[in-house]
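Structures for review follow.
Here come two complexes built around chain A, the first alongside chain B, the second alongside chain C.
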Partner chain A sequence: MQFKLNVRRYDPEAESPAPYWREYEVDVPANATVLDCLIHIREYVDGTLAVRCSCRSAICGSCMMRVNGQARLACATKATDMQESSEAITVEPGGNMPVIKDLIVDMDVFWNKIRQVKPWLEPVQPVPEREYLVPNETILDLTVAMNCIMCGACVSDCTSLEVDKNFIGPAALAKAYRFVDDPRDEARQERLEELSDYGGVYDCTHCFFCVEVCPKGVAPLERIVEIRERAQSAGVTNNAGTRHAVAFEGIIRDSGILDEPMLLLKSIGMNPVEQLKNVPGGVRLLRAGKLPLASGPFHHKIPGHGNVQRLFEKVEAAQEA
Partner chain B sequence: MKYAFFPGCVSRGACPELMQSLTAVAAHIGMELELMETASCTGAGVISERNQKLADALNARNFALAEQTGLPLMNICSTCQGVMSGVNERLKARPEYLAEINEMLAEEGLSYSGTANPRNFMWVLVEDFGLENLRSLVKRPLSELNVAPFYGCYISRPTDVLGYHDFPQRGVYLEMIIEACGATPVDYSGKKKCCGFPIITMNRTNSLTMAGNHVGEAQEQGADFMVTPCPLCHLNLDAQQPDAARVVQTPLNLPILHLSQLIGMALGIDDADLGLNRHVVSTNPVRERLHALPLA
Partner chain C sequence: MLEHDVLVVGAGLAGMQAALHAARQGASVAILTKVHPVRSHSNAAQGGINAAMEEDDPWEDHAYDTVKGSDYLGDQDAIEVLCSEAPETIIELEHMGVIFNRGSRGQIDMRAFGGQARKRTCYIADITGQVLLHVIYEQLMKAGTTVYEEWFVTSLVRQNDAVCGVVAMDLRSGELHLIKAKAVVLCTGGAGRVYEPSSNALICTGDGYAQAYRVGAPLMDMEMVQYHPTTLPGNGALMTEGARGEGAFLINADGERFMQRYAPNMMELASRDVVSRAEQTEINEGRDINGCVLLDVRHLDRNIILQKLSQIRELGLEYEGVDIIEEPCPVRPGMHYMMGGIKTDIEGATFVKGLYSAGEAACVSVHGGNRLGANSLLDTLVFGKRAGTSAVLYADAISTPEIPESRLQQDQELINGILARDGESGERAAELRLTMGQTMHQDVGVFRNQRGLEKAKNIVAELKERCQNVGVDDKGKVFNTDLLFALEVGLMLDVAEAIVASALFRTESRGAHYRTDYPDRNDDDWLKHTLVYARLSGRAGDGGPRLEALPVTITQWQPARRTY
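For the complex of A and B:
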């Protein structure tokens, strides 16, 4: 079967190195993967194409790259599934990491972030004479995060990392969750404090790219939300993320519907400098007739909001019991 | 064509022009809306980080209220859509969990049986009303106008939770609607990325960089305005645009319209009924271009 591939090339040793696109046509079996196509190109069409791969079975994570604009494992992506109409399949290196050559990126960025979260157990003391006993359900829960094969797909497509290299990023945060929720780890509190700081869980925007592109169902965003929950429960609350969540929950409990100005004020907290930054935005909204003036004590509640309050109480009472 | 209409918070808060334009468009195309005024906020993915079960219970309550009307459930916010789809999947996958939540709803006389299918106005418009019908009602084709689509994260991902398997074109509905209105969709890399809104109070610089990058890119690609089905994206892209311009150090002046405003303009609805004056970035340049266009 014939496939057209438009591959983003880059040769650092060229006279004036700059990325460029090159189109290839390959004739391969109909069930070929994108990786099969690239290997075919390298072996029979253009030996200068640089591709990194190893297991070809979606286990090693080496062949992560962007296919049709989204991070994927090339070995687990069928070319037929990517062939949209008559247009060529686009193949690019993963994002958010520097390109070494063609489709190969420098994973140092990735590994440095993994190291940053101290991906090892700090054993609870005293070490038991025999073994630590961990409930089955805990291990089942941790297994989700442990399924990560370190391919970097989530890091490639993370929209927070795109604007701020300081963000710890989805892969490392999912890895951190694996230790935060491990009952054998003694550094839980310290981890939660570090993870709630600048660059940590509250810099995630909920864009869901990591959930969408992860080939192993790790769903890093869900792990990030769980770390937020664990941190807030453990009293790590002196941050804008917690203030925002607490204010949000309180407003919905009281009235069933958001009070936007109050949410903003409470989220920012008692920080006059940060509060001042929002004054021009407030004035702009006011001038456009968009500032909800029925705020604070004048905020309107949904009809029958008592039912919402009672639901809050019931859920919380059941959880306490 | 009648719907249980879940308005969300922002259309009754900082984006009143969304409610105004949606109401005008619905009346124009014969869509009846039964306002779910006793429904609560979905939690917007925030309450779940304090208490997942609480967020699930709030949404189950809303779904039960929709079931009581016997009408299909429609929302007008990408974020509401994403949260509702996620919760609905979880509740339907775990009957014992749903039963537990239903016990808590019983006092109010509610019970969710799992039949709700929450859909955004954008999806309803394409899937129920149909683009052919929309085209036939267009009075003022928006020819010569270039429109940048901006989807919002919660209506774009995860695709398996959002029904993209059954409706693969949900990822291009905005472009399809823009074309049906006679305008030309502008392609740019930021159209399905994050607007930055969720972290505006946690990391203002990152948030505004995101908004500024997308608006700047769309502007550079020749967009006359941007259109979004998400009022939260609208707030960051429109109301914060002057600050975003300073952060990305690029002059920005791109009007951001709600989806219902775009459709309303093509249908020939009066500007005043679409709330086009209630924007931070003035929509006047768009309106001037619009009124210079011939009526079909």
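For the complex of A and C:
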């Protein structure tokens, strides 16, 4: 079967290196994957095409790239599924990581973030002579996080990382969950505190892209939310993220409408230095007309806000039941 | 010049284990690997890792099953080490953070695997290798071990009869470097790509076998090539033996559980060589479905499939469009594993000073003529540890070698030669490999005979000639994967040569080596290993490899008739 691929190329050794597109036509079996197409190109059409690949069965994580605009494993993506009408299949390197050559990106960025979460077990002492006894349900839960093959698809398409390089990111946070959730790990509390800090679980914007692109069902966002819940129940609340969540809930409950300046003040907490740091941002909001001065900087309660309170009470009652 | 006491080549389970244990001895250790460690092929081991963990399961029973599985070709001293050290290895892994599936008391659970008299396989769903690999890598990050990531060894440096370093290319810059090392440990894995098709990853190009062979280290039992009974016809991907461990059937075109005619007691859980031969016989005799038999799990509980066999369900859906919960999946025997490899003793030392090896690259030999499922992960860890530890002992006793910088030149010239030819005027590496792979599958596969082996020998010799003239399209330095592949094909052809020569040499049938012209096992003449040496250039001879036989070590289990 014939497929057309439009591949984003980059040669760092060119005279003035710049990305460019190159179209290829390949004749491969109908059930070929996008990786099969790329290997065919490399082996028989154009040996200069650089691509990382190894297992061909979605376990090694080498061939993450963007196909038709979304991060995928090329080896787990059927070419027929990507061929929309007569348009060529577009193939690009993964995002949020610098390109080295063609479809090969520099994954140091990725691994540095993984290392940041101290990704190894700190065994609970004393270490038993035999294995630790762990309920199988816990193992099944941990298996979801251990399914991660570190392909970088979630990092490639993470919208938070795109604007905030400091964010630890979905893969590293899912990895961190694997330890936070492990009853054999002694550093749980310390981990929860670090993960709740700046750059951690609260810097995720819930765009769900990581859940959508993960080829292994790790669903990093869900792991992130679980870390938050564990942190809050472990009393790790002295951080902007928790204050933000608590303030958000309180403001809505009280007035039925989100009061952004109040939310900001409450999230920062009673720290004059931090508050001062946010003054320039406030000025920018004001200039952009995003602070409604006419009604004063702070909102009034909406009419009938008692109904909102009753909604809260209903939800809480349902949770208790 | 870069310099270490111990340089480990390859960062799969064996390599990382060797490096971790070498570093614990306080030596300066580094790992050099052509892919990032977690991309290594240890990932692909799905089903589990064997260990006699339960009180009523003495390790000697595990050893007996392994000896019998090997068709009595395994060295029993080595098998005793493998099986007696297995339980402590599992506990060590568990303490590192491996999340084994658990039984009712929270203890490590066991599943059934082929060729074993009882349940003895520790597992994590069907991603055991992946979890082990990632957890060992966690330990490597913790230890802060130096990793030359995405580097490729172009040759081993041998001086005064000892290996004392490597020449390697940093793939990212394309620069060649000389790395001095008092000891080099080859943990480079298998050589699946020598065959087409194979369950193995694209990186499994047998680099270590060929590099060791080229500096005079003998390879042992290279004719013992395992065909796994359940690989997908499309891309050769593996469907774990764990499926049969959980109770899956194999059926032919008549809907018959044909294993009852080949292994009435163990049925689908007979040794891999036995099951693969049975399948191939069914296929050859026309009871096939498009060249395949069927793997059937429809009678298993849906939750068992979802929890314990989820990855192979995904593989079936992705590559064959078959949901194994609803319908049986076509499978066939596929090249999977090299029982043979670089000959080592039980401490991981090869016949060349300074050169060590472990894992699939090595042949201790614990697998003999046929490896039991779930013994390979165990092999990597037990002997990776030993190789790393003994490499340090050796390194401690010698002084730092002196290697002239000019040693780089011969490798640089080889590379320049390839770069000077393009993919049009020169030979295309992909074509050479495909011809080699198809030849090996056809004539050096499940069934072999003199005529086919002679044919394969001639084809491989001709391909080696043509490979002298290999060319590449890519002339750049940065990530020149075209050049890398050309170098790998050169190495693979040496491995193919060694396999064919060994298969011709062994005129009997044992384990995975089945000669239709010598259909019986012949203990009188062949209770022996084959050793194959390369004819080093500049020495006299006919140019082909040189073969020797080596006695098998027998401790407590006398060879007996093997039935399942």
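The rule is simple: the second predicted complex is superposed on the first by the 246 of 321 C-alpha atoms of A that agree within 3 Å, B and C clash if a C-alpha of one lies under 4 Å from a C-alpha of the other, contacts with A are read in each partner's own complex, and residues count from 1 in each chain.
Going forward, a contact is a pair of C-beta atoms (placed from the backbone, for glycine too) under 8 Å apart; a residue touches a chain by one contact, two chains touch by 3 or more.
Only a predicted model underlies this, so the values are computations on that prediction, with no experimental measurement involved.
Visitor: Looking at A:150, would you say it contacts chain B, chain C, both, or neither? Reply first, second, both or neither.
Guide: The answer is second: A:150 touches chain C but not chain B.
Visitor: Is A:125 contacted by the first partner chain B, the second partner chain C, both or neither?
Guide: neither
Visitor: Is A:85 in contact with chain B, with chain C, with both, or with neither (first, second, both, neither)?
Guide: neither
Visitor: Tell me the contact category for A:288 with respect to chain B and chain C: first, second, both or neither.
Guide: So A:288 only meets chain B here.
Visitor: Just checking: does A:202 make contact with chain B only, chain C only, both, or neither of them? Give me first, second, both or neither.
Guide: Touch partner of A:202: chain B, not chain C.
Visitor: Of the partners chain B and chain C, which touch A:107 in the superposed model: first, second, both, neither?
Guide: It touches chain C, and chain B stays clear.
Visitor: Report for A:308: first if it touches chain B alone, second if chain C alone, otherwise both or neither.
Guide: first
Visitor: Go through chain A and flag every residue that touches chain B in one model and chain C in the other.
Guide: In the superposed arrangement, which is not itself an observed complex, chain A uses no residue for both chain B and chain C.
Visitor: If we count contacts the way the header does, which residues on chain B are in touch with chain A in the complex?
Guide: Within the complex, chain B contacts chain A at residues 9-10, 12-17, 37-41, 43-54, 57-58, 61, 82, 100, 104-105, 107-108, 153-154, 156-159, 193-194, 196, 198-199, 201-207, 209-210, 213, 239-240, 242-243, 277-280.
Visitor: Can you check the complex and tell me which residues of chain C touch chain A?
Guide: Residue positions touching the partner: 35-36, 38-41, 43-44, 90-91, 94-97, 99-103, 105-109, 124-125, 127, 130-131, 134, 138-139, 141-142, 172, 201-203, 234-235, 237-238, 307, 311, 314-315, 318-319, 321, 423, 428-430, 472-474, 476-482, 485.
Visitor: Give the list of chain A residues in touch with chain B in this complex.
Guide: Chain A reaches chain B through residues 159-160, 162-164, 167, 198, 202-209, 211-212, 225, 228-229, 232, 239-241, 243-246, 248-249, 252, 256-260, 264, 267-268, 274, 277, 280-281, 284-285, 287-292, 302-305, 307-308, 310-312, 314-316, 318-319.
Visitor: Residue numbers of chain A touching chain C in their complex, please.
Guide: Checking each residue of chain A against chain C gives 11-13, 31, 39, 42-44, 46-48, 50-62, 76, 78, 100-102, 104, 107, 114-115, 119-121, 123, 127, 130-136, 139-140, 142-143, 146-150, 179, 182, 184-185.
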